[in-house]
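Presented sequentially are two complexes of subunit A, the first with subunit B as partner and the second with subunit C.
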Partner chain A sequence: MKHNRLRTRSDRTFDAAMTGIPTAVYVVLYLLPCVAGLFFSFTNFGGYSLSFKLIGFANYKKMFADPAFFKSILNFLKLYLGTVLICFPLALGVAIILTKNPSIREKHLYRVIYFFPSTVPAMLIAIMWMAMFNPTLGVLNRILGIFGFKAVQWLGSTKTVMTSITLVVIWRQFGFYMVYFMAGVTSIPTDIFESATIDGASGWRQVFSIIIPLTWEVIRTSMLFYIQSAVNIGFDIVYIMTQGGPDNASQILPTYMYQQMTKNLDYGMASAIGVAMLVVTMVLALVVLKLTKRETYEM
Partner chain B sequence: MKHSKLFRITVLLLAVVMTAGVLAGCGGTAASSSTAASSSAAAASSSKASSSSAAGSSSAASSSASSSDSNKYAGRTLKILLSVGGGGNYYEPVAERMMKMYPGLTVEVDYNKAAEDVLRTKALSGDAPDIFNINTGFLPPYDIISQGLAQPIDDILNETTLDGSKKLGDILDKNLFSIGEVDGKHYVMFGDCSFLSGLWYDSNYFKANNLTVPTDWTSLLKLADECDKLGKDVFGYTGVMASEYACDYWFWPTVATTDYTTYTAIQNLDVNAFKSDGMKKVVDKMVTLRDKGYYDANTMGLGNNETQMAFINHDFALLPCGSWLEAEMADAWTSDWKLSYLPYSFGDAAGAQQYMSVSPLISMVSATTKNMDLVKEFYRTLFSDDATITSAVKVTNNPMSISGFAAKYGDLLLPSVKECDQSLDSGMKALVNPVTWWYTDFDTELANMINALMGGEINADEFMQRGCDLVTKIKNDSTITKYTFAG
Partner chain C sequence: MKRSIGKTIVTRFILILLTVITLLPFAMMFLTSTKTNAEFYQGMWSLPKNIVESTSHNYSEAWAEGNFGQDFMNTVIISFSALALALMLSSMVSYAIARRNLRHAQTLSNLYLVGLLIPGMVGLTPMFVMARFLGLFNTRIILIILYTAMVMPFCVFLMTSFFRTLPSEMEEAASIDGATPWQAFSKIILPLVRPAFVAAGIFCFLDFWSEYLYGLVFIVDPTKKTISMGMLTFKVISGFKIDWGVTMAACVIFIAPVLILYILFQRQVVGGLTAGSVKG
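Presenting the complex of A and B:
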């Protein structure tokens, strides 16, 4: 009996340590900074001195009075929707082609090639695409010129800059989600496809009636995961390529927040924008969850 | 059971090591570097919060000082934080010189591309460096002053030069000290490196193609026509960094030259300044360049390095830029190039007062320093020791704002910088554009306005209205301290 009591205590200690350490790290490195950010959003904290004071909702009033704030939300949503509506169907389509088409022998090579951009640091990608977007020397305008089209101000025009940024993000993220969807498609038992084929279902019918429903949770999770990716990758790409310009046409919430923090030394305002960003991403996540809710199937 | 216990201990140790690894990644400083970097590189690198090994420090130099006072600072340390920008580590010669003059003294210069992050953590932990010199684009000085991080430097200005003949305040350019003055006290030290600016061109290209060197608006339009016939534009600027290049090196000098009263009114937040006749003339000039196709719209989406490459490629004739241009693009100039400075800032008539923006690197003294005597010694050495000045200028390739600099040290400068510096001696006046120092939102929105106008998104009336709205917004914001520009 004494032996059993010692064992139970040891078990409890181990369980406590295994849950306690990550919880402590999460609280210290994630929760506490979030709470601190919320607190600082009600202050005039400048970032360099602890002598600040509470100013109530002044930062929020200033934020809502700034047209750049609403522009940055709109641009962030454009970036998110543009990627989800273009990148995800493309990634899923290529995943299906590579997985279900036995005649493609080099699928592993294609997987590596498509996945490679997502391993390259965003800064390098931004610099590379800046060269490609160069209006006089860039390869894109050279190709357009060959076909007789007029050169485009990819990053210099308010009309095209957000499209250009979205294109870069799609190019970078496509491979990652393609591999992710490939894993989802591969997990579908092959006998379902054999039964469908026997029943006369065409390839397209199988895609819409079998593959998409059975990988829907994977797609849904990707859409949620991408909200966070859009914040991180979007910041890197926009900050290096355009710094939010011209005239805030490519400003997104993370870069707008960073501008307040570094150029204006207004950590209070930046924290308020951070809170707004949290609300926007939460609302977006809830909308995505609501719109993508459907019956799940057991395989 | 024994196997299970060993497994649990291993897993626990792994969890502790991983946690320690996560926490060890916090803080730290970027590796120091002695190479000069462009402002866009500094902007790009500062966007990353990650950092690596600790900064380097200057090594102690051996000395054979004969003065009995030479050991008075033995065992003490002066800490300086310097950011990467166009300047390079020009404090290193000062540190070496001081350590040679005072054996036993350690002068640590942390030359760091993430200096503003380093200062933040050190200031919040009560360990701020004695002196900090950080790019004002990342560390607005008035915000630092209002947060109580800096102390007045008026006592330093009363210190004598090393030879005892003059006071430091007498040899430094007094005009620059209008910035950083709060309640009658000066908080910002100027003078150690002043980047001049304005319009640059290739004089060899101009000669080879018989292009007019403009001295007034009429001749500028003539040059624009000549460039147009060559299939080139007359003017371009980096749209991505318009808040610096377009605003400071083109817009403000144009406003000051066209109508100095309008320039002064804007600095003093006169709500109607942007709708004045002077501003209408300025905007008309900008719109003329745009509508006649004289402005290289391709530069709107380019960073400063790409724009400078387009300039070297002769895509356009005149580039607004700083005096670091020749050094920064050292590997890119071709043998047919002769970079020259144009002492003209878009004025109407020949002989009108021309202006250039001067962007000084500034340093501030920590409010918590316990080494004020060492700080004073540092500045005495920096501003009045011949060997130090020579070494520092060889690093920065730009002038120091001390009297007699051009005559004594002008030959140390690169040809284009010397030409630019001489323009100040021959009648051009320096602008510091205090409104951009006092109200940090100003040049961001002004850059947006300039880009929108030159990109054809807005017309002249909309530009002027946005200017009025910007001034009104700042004026009505009670949380922003207002200052007065004496002119």
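Presenting the complex of A and C:
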């Protein structure tokens, strides 16, 4: 740093205050509690009295003995992968359509409409979709009826409940990722496409050889940050729609943790689940980073 | 030429279909909020017979049942306090990371990035103990400080990329004119990144508006409830026959400020998300 020599004492005080105060607030109120959760996972803290004992690995033993725990990990991964594998390609496809078709004048209108659900509280979306999923009145079964299919118990059956919830999450997040990917596609210089067209590359060829490689970092970042969103949105939607039921079929890690906290007043066990959630999300993040690693292209 | 017209029709069809799929549930919500419950059970898309009566009944019932007047005030107090704190703190650290040539800028930036990866729920028990210990359990203050910390990673992420877009000569010019670093930051740089404040502010507000997990864990007093906790009064419990008219009216009340904010600031919301982050 060549500027360091010129740094005066007031400069250093300024830097220390500017970074120190916010970081202290953030670390004490966000990061430290997340780390301290590890400590509480070894206690029998029950939420009411502040006196509690260290009980070793008892919470973890209880957690690993509960089939609902494994179910909630599996369901969380299903929710995550379902969204990434269905929502992301769809969002990228529509983003390409909107960016590469100058004839669509009302482009901005579509963007605004598709983005809207992701600004709406997930809890409200859950309530709304409970009406849509209603087995006798709901729109979805009406449409299935027209094509001669039998009515589906969307949220009432252990077989379909997780699919239904994933569909709602996809529906909500689609516009968010479309807008995100659109910015990525727009930032590709147009002369690349021009020379590709001159070279005779077809539309599909351009998608796979230009657009996807050049927006790959955007897609990858979205996959990474979506992990945390999946926890939050998943909680909001599952808690309202099914509370993990029927028979734990839609239990995901955050709702399972919340259940231990409020229904069983077992904050120790909830902390152990929190630690498991931390491990699952971090491993998932590493796997995503590893699997999606590609050469980066300079534009 | 013929092929491209066919292609345009297919493209338009897909886009319009997606628009319908996106808007249909909202249309159902508005329509149901104007109907009696009996009318809803006759058919989801039937029109109300006496629209004025059923609408006013649904909305007044929803307003009273959710105690929305009080909830609304609580949410406004909590959100705006947390918003002011979060924007102030995040702009300080983002500025330092982006423009002060710190030796540990990257480490500091990564520290905040971690917050975008770790689900905050992991720290719920320690936060609970901390709140009890400090005597802040069941107060609005605990929600204000937790909300502040909750949105800081995102605000720092967004603001850092905004600060980076400004030309580097700004501070040099300021210091030649005899301005202290603080004056350069507050008088010259901050006014230039107003769009970042608007975008970050709206996203934070939307987060606060929909947050209810912290509320459920930290607030027991019904007079301190936030609006999303008020919404839980209408939580649909499967197996019970619920009043959909009133529930959907509550949903419309809950969504109204979000919708107004979105219509007013749609450019900042849709554009702010990606302004600096994709290139940065």
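One rule holds in what follows: the second predicted complex is superposed on the first by the 292 of 299 C-alpha atoms of A that agree within 3 Å, B and C clash if a C-alpha of one lies under 4 Å from a C-alpha of the other, contacts with A are read in each partner's own complex, and residues count from 1 in each chain.
One rule holds for everything that comes next: a residue touches a chain if its C-beta (ideal position, glycine included) is under 8 Å from a C-beta of that chain, and two chains touch if they have at least 3 such contacts.
Note that the coordinates shown come from a computational prediction; the quantities given were computed from them, not determined experimentally.
When the shared chain is aligned, subunit B comes close enough to touch A:153, but subunit C does not. After overlaying the two complexes on the shared chain, residue contacts for A:82 are found with neither subunit B nor subunit C.
By the touch criterion defined above, A:32 reaches subunit C but does not reach subunit B. Applying the stated contact rule after C-alpha superposition, one finds that A:247 touches subunit B and leaves subunit C untouched.
Using the contact criterion defined above for the overlaid structures, shared-chain residue A:123 touches subunit B and also reaches subunit C. Residue contacts after overlaying the shared chain place A:14 against subunit B and subunit C alike. In the superposition on chain A, A:265 makes contact with subunit B only, not with subunit C. For subunit A, the partner touching the most residues, choosing from subunit B and subunit C, is C.
By the document's definition of touching, of the two partners only subunit B reaches A:46; subunit C does not. Taken together, the two structures place residues 10, 14, 17-18, 21-22, 25, 29, 47, 50, 123, 130, 134, 155-156, 236, 240, 242, 245, 258, 262 of subunit A in contact with subunit B in one case and with subunit C in the other.
Subunit B makes touch with subunit A in their complex at residues 1, 5, 8, 11-12, 15-16, 19, 22, 43-44, 46-48, 116, 119-120, 123-124, 137-140, 143-144, 146-149, 239-242, 297-303, 306, 310, 315, 440-441, 444, 447-449, 451-452, 455, 457, 477, 479. Of all residues in subunit C, only 8, 11-12, 14-15, 18-19, 21-26, 28-29, 32, 40-41, 43-44, 89-90, 92-93, 95-97, 100-103, 108, 111-112, 114-130, 132-133, 145-146, 148-150, 152-153, 156, 180-182, 185, 206, 209-210, 212-213, 216-217, 228, 231-232, 234-236, 238, 244, 247-248, 251, 254-255, 258, 262, 266, 269-270, 273-274, 278-279 touch subunit A in the complex they form. On the side of subunit A, the complex with subunit B involves touching residues 7, 10, 14, 17-18, 21-22, 24-25, 29, 44, 46-51, 55, 58, 62, 123, 130, 133-136, 153-158, 161, 236, 239-243, 245-248, 258-259, 262-265.
Every residue of subunit A that touches subunit C in the complex is listed here, in rising order: 1, 3-4, 10-11, 14-15, 17-19, 21-23, 25-27, 29-37, 39-40, 45, 47, 50, 94, 97-98, 101, 103-104, 110-117, 119-125, 127-132, 134, 137-139, 142, 155-156, 171, 174-176, 179-180, 182-184, 187, 218, 224-225, 227-228, 231-232, 235-236, 240, 242, 245, 254, 257-258, 261-262, 267-268, 270-271, 274-275, 277-278, 281-282, 285.
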